[in-house]
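Next up, some structures in structure tokens.
Here come two complexes built around subunit A, the first alongside subunit B, the second alongside subunit C.
Entry: the complex of A and B
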């Protein structure tokens, strides 16, 4: 009784297997057609500006300098020439070392921020994010000013750490990847389930045992993700090796040298494919791991808050964080001083002369960058959010939607230099129907949007998943076309996410160089590129000046976005208050 | 049962998700103005059926006709229904009034008329002053009323309610289900109400459809479902039921339970000794005011009593039945009058007209 008479009584549901393949398809209607059309457009867009260019790279890697098909000859030549193929090993070496160092440093920092009750956690978190605002080559420049042969540290202590080469690259990559990795690890620590800790404590486990049996296993997916982020950023970065690599070749700079220096497009394409392989592999591993993680977090888990540790432990954590933040701030300090000092490191008297940028035609580059970043943020945000909406919230045409999804997460695995080269192949061909874009701001905007597409796309998807899935059904039952519910309900609800997407595009567009370095034409230089060009021509003080302006704009934009978000939150407070 | 003509016809609907069969050849007719409850345990396919009626899922096979028109292949927007979900699904960035007006605006109703209609609906659901409030400022019960008003605003031909009360507190749930019944009568809209709560279904429905593992077990009025459950599943799922293992007797009105011979009004046409399951509701087991000449009179022994306020739940063993125990619901007064307590023996009557006989085998554990 009481429902315990189990339902073995009911006849088992057996259905002719043919039935399960059958389906009564609904009529498309105007809306269904519109949605299909839009999904097709997104697939075509990503196909044309992501897949086709990459195929071109693959194709060109099988061609000789003069364009004849040579099969794998380029690859054979690559591995037969140790002077060239050295770069592959170098790339893997610096990426793995920077990955290990970054994750190690960020792990302790994230633990201190999330789990301890040390003072100033908010400001320590904010300051650790600073490297996001700078082009990757900026810290390399700063490191030269500190640790280079004529650097201030070297001069003061007499210790030369032999910065140029792998040391400098690794230092720069760690600095550059630190905030990105930190974000991932903070999330991982915050997601941990408090109940597991309570159970472990109740069972009398020591804190060391808890760390190894509960903490580490619970953040393992976050750790793998963090490792992936650090590895990918390091192996695909172009700026730091360009500035501080010296004659230590890595894949990303090699592509540039082959293409721009020697006009050897075939070999450039070959190296691109080789750079794609580890990046894509890391990407696939991360996707598999991510899928597992979803299952781990259950609705009933209780988030774990900060907990007071022993006084000495807290002090050690605090000192550690101060050390890291102090290092970050001093790097920024060096950039500022370098920008305003007459002649680093000999004459520190104040000057503004590095800010005239005579060789770059004044402030035009900054204006170009601002323009490019604004357009990128605007168009990129619209494209990303609309495509994520179509994939996440519409119900028609599952195959079409999964194609768009797949194409949208692909860019994460594509190094910027490879994308840049791919765009040259696609656009710089007079026969190409999109040739007219070559040498315009348009191609820079396009490449930046595609390059940075995935992270905002996933942000949008997450935000959309949090919105009640029945809203679309309600809208349809009330005779509202899908775009009306999208505009009146979905967009207002997702506005905070939309703004953070725009900010992400803007900040990255301000600092990116890896793809742009192939695509700019004289007169269309961007500020971050100018940093590289100025450094190339020996104007490192001007490069510092330009860097500090880029950082200022980034920070300024951050403040504007912050105020915007605050405004929206205030407006929407009425409907989010509980 | 309503004598009005059929409004919604569901014909041979089958729906699978991969290898899982959610609905297996389901057919059902709903009359105009009727309130039909689809009742079943979680995973029985009741929500899937509702979503197919709304067009939110595509069936593998089968047709749906709404007022004579084939709507099987229409996308949701072209169908005529209002829907309320368990999660309320109110648009959080719009006020209660704006939520209700949402559907009217889509139909390009003049502003003045919209305002009047919204006010009318707010009054109808008993929240005349809540128009300017945002959903987060309303209680769960109030939000569900607004959701109901929003669904009714466009005067749909069919109202679909997907477990609308399940997220609410017990007290609010009871109040709101009466409200829904009153509203439905007032508006006269044909309504399908999905629930896993048998009490809700018994209170609300004109007719109940019991669904189990994607199949319809029984369709009937609440009384029919409760009094004459067609299968042991329905008997067990709706209300409490005693199940006793038994065998068919040599006459259609005779069954055996262990060594006990019983009369039953529920005639079987089974060969003698065919295994059957006997079922009787706890409130139908009599232990007092028994006519000594009544049929099916057995000696029983009280094993346990459980106090439940206005009545006791009494666990009995019967003379001649070793294999099962029987539960009787006895009013507190009767317990007092007869001073029933564990250990005592007393006469127990199982009225033949209330004893049901099912030819299947039912596994009963207590």
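Entry: the complex of A and C
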């Protein structure tokens, strides 16, 4: 939208073109300033609540307990104590194994959903998403009831899989990451170019050969992305290792132990930095790969639809999916039974007593969570969408916009526990100008928005890219300021994306614990935190009852958002249909 | 275009309503900074009494007890709004020490005397003699006058033993500390981490006092070989034994009796060498701005109705005249180990450091 193009468009509509040109230039000048100001504001807020707190962590890792600068002494101490530094290797081990297993399982599942014509694909896809609605420690609790020393599976079969330790952590991480990885792989399979398959078949390639020479290469970027998602979720997760870790140390829980258990902030910061390294490395690799992917699908590609496979193949895929969904459902079933059974595993008679949550002050924690999640969804969505709009749709100040872009995708690489610790450092200091936020709901909202910033930001960017830039040009030519175009054209057109962003914030705010565990104060406990606290005091039945309520709220919200989307799509998305 | 705008407006309204709805029905929550002013919410028809004063209470008492006590407190202290933070003894102690220069708690309630002595040495407690303090037995309160901390009750080590698991796996019943180191219990015992749990520290301290340092640590080394997990909370080992996840939980007496009553196949064992015990005490935090309200709470916390409520859970009370809870042996006093609480407090840092270097690998995350 440079000046000359706009004035050419604007000129014929006004009688005195000279006067109008002057006015448009003035308007653009003011608008340009306004946009610069807004971009600066976004850069400052991300700088203040993301970069500065992280720098504090780095700084604290170089300080002694009493605050003197000690250089790398903490790191030396860390690696000199093998009992502690073992956690680094452990973390990498469970994350890599979980990554391989999750991607392997989800690859077959996604293939079956996208490429075969087996029955029930819609419902199989929906059910596979269930783990998204639960806090990550829930499945670990359920696994204890199933595979623990006195679990149902163990008692029925007499086989003890030795759940506590790496086995339990890996199982929980796979369960937890499966839907996230599945989404990525479904997208990857859907983007394939049918022409390649036709060519391969015409050349007489066997189906195995086609799989290795066409299918796998065509989804390689998706695979790398999926691996990144699985690895990051596993290495940063805090819930599962806490519940079934046993004597198996990992970094994410070590930070918590050092800080909350022993109040050793220096060592906590040191471990945080060590946890940041693999997470950031994985992130950088993923970004580099993503940049290459752009040219893969071209305008002349033909989309590949599902294809009928041989009867036996189809049946095998179907059975495989049923097995996985069956497993997911039985984990949820165990949670429900655990929540309502009087005295697991000795007395299965029905009771509501585990729903009384006396130690948590009753249902207050659920209200806190609902309140926190709603505010997070509201503010988070506005922030994310406006900043994505400024970066994507305005044309002034390219450097400023790329800074905001970079800051917006960074949170994906930051583990929640590290962010939580970083916030203690920046908020709990009485000298800090934002100290007043410490111990309020505000800090929980803030940390949750920042922690989950990237995915909604990328969603908004994608949605905005699909809207023709001509709208801005036309708006300007009609003498409308950018904010009016934004409000009247962009927002309505992007409403489905906006709603899914709000949904994402809401669901994650309901189940997050990793950052919140450092930041809650009495009276501000959240429901997902309560699950952890209840498990800590050995109240597994109440922990399951609370989990089942969190899941119900998530599913309820999902239905509400679904209805909203449908109603809105009918009205505002008419433009997508011809 | 017009309908779109309406739609957007409608959405915003919906979102606002959601917030108001989310905030309104939580009368016990103090208004938060992020939430809108709760003026939209209908005012309850409660008497227009003076605004309730909020008191921040830190406690290491068990969640199920707290519920009972708070119901009484609500009735008897109507003008106090109690914000209770419950953490395990070790975590609470670490937190209070960390907040030393910027204390957030107004009073400490039902927390190990061992920790209270540490707080006292750090100058974190304001001496105060609550109403009726003269009736508290001398061994249960700080020797200073006015006392810095005042005890109300004590809990004691007990082993929770799952008879169902024992039958299936052919495990004998352990009756003493020494029994627990037998190889037959390998992977079958859970105990609380002394760094986070008062119950855990009480057990470790009694062992070190009873056997002396060298033999004591040698015993703990042997015990570690059998240990499946060190849990964060003191009651969890007994609860894990209750569900049959592990056969033996080193815990405290009352939690086991409660689970047994609820139908868990547990047997309670007070070790023959003597069951360690720990006094739970209350204190006023130095520097609190709510001195009057805090004193009112401390008076209540050793008053008759509160003591009667504690006595439903505790066999060992700071005042005479309360019958022990159902299921307790009548000679419980004879089963106790003669604890030296001053020793427990003076050696806490060193013992925990040693313990952490030796065994922290198995500590629950």
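The working rule: the second predicted complex is superposed on the first by the 546 of 578 C-alpha atoms of A that agree within 3 Å, B and C clash if a C-alpha of one lies under 4 Å from a C-alpha of the other, contacts with A are read in each partner's own complex, and residues count from 1 in each chain.
Note that in this section contacts are C-beta pairs under 8 Å (C-beta built on N, C-alpha and C of every residue); 3 or more make two chains touch, one makes a residue touch a chain.
Only a predicted model underlies this, so the values are computations on that prediction, with no experimental measurement involved.
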Between subunit B and subunit C, the one with more contact residues on subunit A is chain C
_Applying the document's definition of touch, where does A:488 land relative to subunit B and subunit C: first, second, both, or neither?_
both
In the superposed arrangement, which partner chain does A:29 touch: subunit B (first), subunit C (second), both, or neither?
first
Field: Touching partner for A:176 - first (subunit B), second (subunit C), both, neither
entry: neither
>> After the superposition on A, what does A:256 contact: first (subunit B), second (subunit C), both or neither?
In response: second
- Message: So in the superposed three-chain picture, is A:457 touching just subunit B, just subunit C, both, or none of them (first/second/both/neither)?
- Response: neither
First (subunit B), second (subunit C), both or neither: which does A:385 touch?
-> neither
| task | Would you check which partner chain A:346 touches, where first means subunit B only, second means subunit C only, and both and neither mean what they say? | result | second
Have a look at where A:468 lands relative to subunit B and subunit C in the superposition and call it first, second, both or neither. first
Report task. Check the residue A:478 against both partner chains and state whether it touches subunit B (first), subunit C (second), both, or neither. Result -> first
Both partners, subunit B and subunit C, contact subunit A at residues 488, 492, 572
Residue set of subunit C touching subunit A in the complex reads 1, 3-5, 7-8, 11, 15, 18-19, 22-23, 25-26, 28-30, 32-35, 56, 62-64, 66-67, 83-86, 88, 90-91, 94-95, 97-98, 102, 104, 164-165, 195-196, 228-229, 231-233, 235-240, 243-246, 262-265, 357, 360-365
Listed in rising order, the residues of subunit B that touch subunit A in the complex are 14, 16, 18-19, 21, 24, 41, 54-56, 58-63, 72-79, 81-83, 85, 87, 89, 91-94, 102-103, 106-107, 134-137, 150-151, 153-154, 156, 212-215, 217, 231-233, 236-237, 240-243, 327, 360-366
Subunit A residues touching subunit C in their complex are 83, 86, 144, 148-150, 164, 241-242, 245-247, 249-250, 253-254, 256-257, 260-263, 342-347, 358-361, 364, 367-368, 370-371, 374-375, 377-378, 430, 436-437, 439-442, 445, 487-488, 491-492, 495, 521-524, 536-540, 564, 568, 571-572
The answer for subunit A against subunit B in the complex is residues 1-15, 19-20, 22-29, 31-32, 395, 468, 470-471, 473-481, 484, 488-489, 492-493, 572, 574-578
